[in-house]
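What follows is a pair of complexes built around chain A, which joins chain B in one and chain C in the other.
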Partner chain A sequence: MAIYSFWIFDKHCNCIFDREWTLISNSASGTMNSKQTEETAKLLYGMIYSLRSVTKKLSRDDSTNEVRSISIGKYRIHTYCTASGLWFVLLSDYKQSSYAHVLRYIHSHIYVKYVTHNILSPYDFAENENETRGRGFRKISNRNFISALESFLGPMIAQ
Partner chain B sequence: MVRTKEDLNQSIKKMNRINAASNTPTAVGTQETTEQQKLQHQLQIFQNSLPKVSQTAYMLLLNECVPLSMAVEKKRGDRALNLVGNGDDEVSQTEGKLEGVHLSPPLDPPSNQLCRELYEADEEKHNRVLDRLRNIGFEIGNKVTELLVFSNNPNLHFKDMDLLSVMKFICRDVWRQMFNKQVDNLKTNHRGTFYLFDYDYKPIQTFALDSESSAKELQMVKPFLEITVGVIKGVLASIGHAPENVVCLASYVDRPEEKPRSSFTKGVSFHVQVTM
Partner chain C sequence: MTVRMLLVINKSGGLIYHRSFEADVDEGLNSNDYLILASILHGSFAIATQLTPKALQLSQSSSRNIDYTVPYIPYVGMPRGRTGNERTKSTASTSQGKLGSFKGDDFFKEPFQSWNRSGVRQLCTDEFTMYIYQTMTGLKFVVVTSQGTLSPANPSSSNNIFNIHVADNFLRKIYCLYSDYVMKDPFYSLEMPIKSTLFDKQVKQMVDNLV
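After this line comes the complex of A and B, so read on.
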């Protein structure tokens, strides 16, 4: 069970947080909120978005039919979508089939606690019309959020 | 607001006494458990009857006072500017009035932006916003005393209380009602000066900016202490220490070593000076 990267997308199709680990031996390695992963973020968003619309069309009744994970030749993508339009995405290897509880924990105990309850931090990361529809650039750079996330995900990077 | 365990424990004790009085003392063995169950049931009913409110909603509302005051101050400033600008022009004035009558008025900017504006505002405006906050706190303080004395604890007699007991009342009861905890440390010189130390002041615990700007962060969080400054003054005023005789200031202090690290880097100290 190893995780490779973690992403958060908001309802305006923007990537508001990304974290990629490069060395399995070192939990501090890799990039965070980097410009270089912008393209990857867009591709990842596009893939999940299209699979979501496909699954929506393929559902037998009107009940929601969400994508939970996508397995590809080399890795597995886990997604967790909230009603407010946030997507929590985690890339991992094959050893564990579900990371739903991890993503739910990140949402309820880290995102809500350190971003939603923090009055100094914006709750909508697109400040005007020009930053919606995937054209935003703002990221979560909150000290508490980052340290809590690192200490929570750190032990999972190389297990 | 929030009731704490100790309140409940007291009420359990009370109920125990009532039960002991009303029941014949022959209850033994198997009846003991049913007695226990009955007590638990009563406690359940008592707990259900208490007024409850979500702690999260209350905290958000309390913190939202700061952006609210800023928004009010800003609108007042805009109104004043408009009046000065359009004073001689009748037509534009009526137009302005018509614009004012919106069916769905435009939303205020988000709270984080208002907090930033408050940080960047000039000193005069900043002080006006802080005054507004202290007034809100003052009103809350006045009412909190009322609530604590007459609904929770009718046995408190402020007449024969000295100032130290009054401060203890603030540290214990008022703080517990407002923040669900007590003040960590109270220091005094016995001549009307008090220091109330709270090393993990609840409303600001999760506030943080980006990793590098820590001095700015402390400056931006400062207005959030003013409501409590007002509350302390309000409580003292309702007990008979007029607000002009009380000086209350909030500042940051370092957290002592033995305290566990929490997410906000500093503790808070309230300095209260009462002239008799």
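After this line comes the complex of A and C, so read on.
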């Protein structure tokens, strides 16, 4: 049981938060909101987006049919999409079957509390037209959000 | 639990066989949609390789520890009534020759290696689960099932690894059928859509055995 990285995407296809742990034994290691992971974020977004379109096509009626997890040889991707277009994505090892409750908790108790309810935090991370459609660069740098997230995910990194 | 759909994708990402086992799914999709679907799946295979987490890339030892052996799960997709004591010599002898060029009452009876090491193996959604089996030659077999597992013995398993293994067993049997009824067809040209009634019939039978 280990988690490898955590990502948040907004409705403009921008990655607004990323955190990757590089050493499984050390919860302080790794990168946060790094420029280097920009390409990875785009690939990840693109893959989930296309698989979502597959599931949308294959669903029987118009009811929402969301992707829950994608299992890939060595690891597993868990997704949680909100109605406001936010995607919470967690990469874990392949053994864990569901992280849905973890992602829901991050959204309802950490994101909403420290980002949505924060008057100083921007409501939308794309400030103008030029930053939509995946061209944005703004990230969540809120201190409280980061520390709450770290203390919540920290114990799960090398279980 | 039912099988909703079976797809075969060739090594260049083209759809060579698709069949849905439920009428209502078929209505919503035309053959062009199926082709797009197959290419998207093929593309996400290529992307998945690029997305390997840093932690796994750095610690070679931990990624080497991953066991790609798929255990043999007995009689997935084989006719019922052969389990337990019923599987005596008499039934085994009557069933001989029913598996094409394969001997015995099952296609294989030993664990095998999965060649799908860095590609998508399973896609879980609210409504269905999709399993992908890739052969060494790059051919992909895709099965879409409604929620649940393909295992006849354990129909409500929630163990994901187990479900993947059952699906791999099933799809490997479809691959056995493919090697028998498609590869040995002199009128079949490689990488082209499969139009074999024998293959159709055998696949249908195997899917029916699952339910």
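Definition applied: the second predicted complex is superposed on the first by the 159 of 159 C-alpha atoms of A that agree within 3 Å, B and C clash if a C-alpha of one lies under 4 Å from a C-alpha of the other, contacts with A are read in each partner's own complex, and residues count from 1 in each chain.
The rule is simple: contacts are C-beta pairs under 8 Å (C-beta built on N, C-alpha and C of every residue); 3 or more make two chains touch, one makes a residue touch a chain.
All values reported here derive from a predicted model rather than from experimental measurement.
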Applying the document's definition of touching, compare chain B and chain C: which contacts more of chain A? C
Output check: A:H117 vs chain B and chain C. Expected answer is one of first, second, both, neither. What do you get? first
Touched partner set for A:I146, first chain B, second chain C, both or neither: first
Show me the residue ranges of chain B that touch chain A in the complex, using the header's touch definition. 56, 59-60, 63-64, 66-67, 110-113, 115, 206-211, 217, 220-221, 263
Which residues of chain A touch chain C in the complex? 2, 4-5, 20-24, 30, 40, 43-44, 46-47, 50-51, 53-55, 57-60, 63-75, 77, 91, 94-95, 97
Can you list the residues on chain A that touch chain B in the complex? 113-114, 117-124, 141-146
Help me check something: in the complex, which residues belonging to chain C touch chain A? 4-5, 24-25, 28-29, 33, 37, 40-41, 43-44, 47-48, 50-56, 58-59, 62-63, 66, 68, 114, 116-128, 144, 158-161, 164
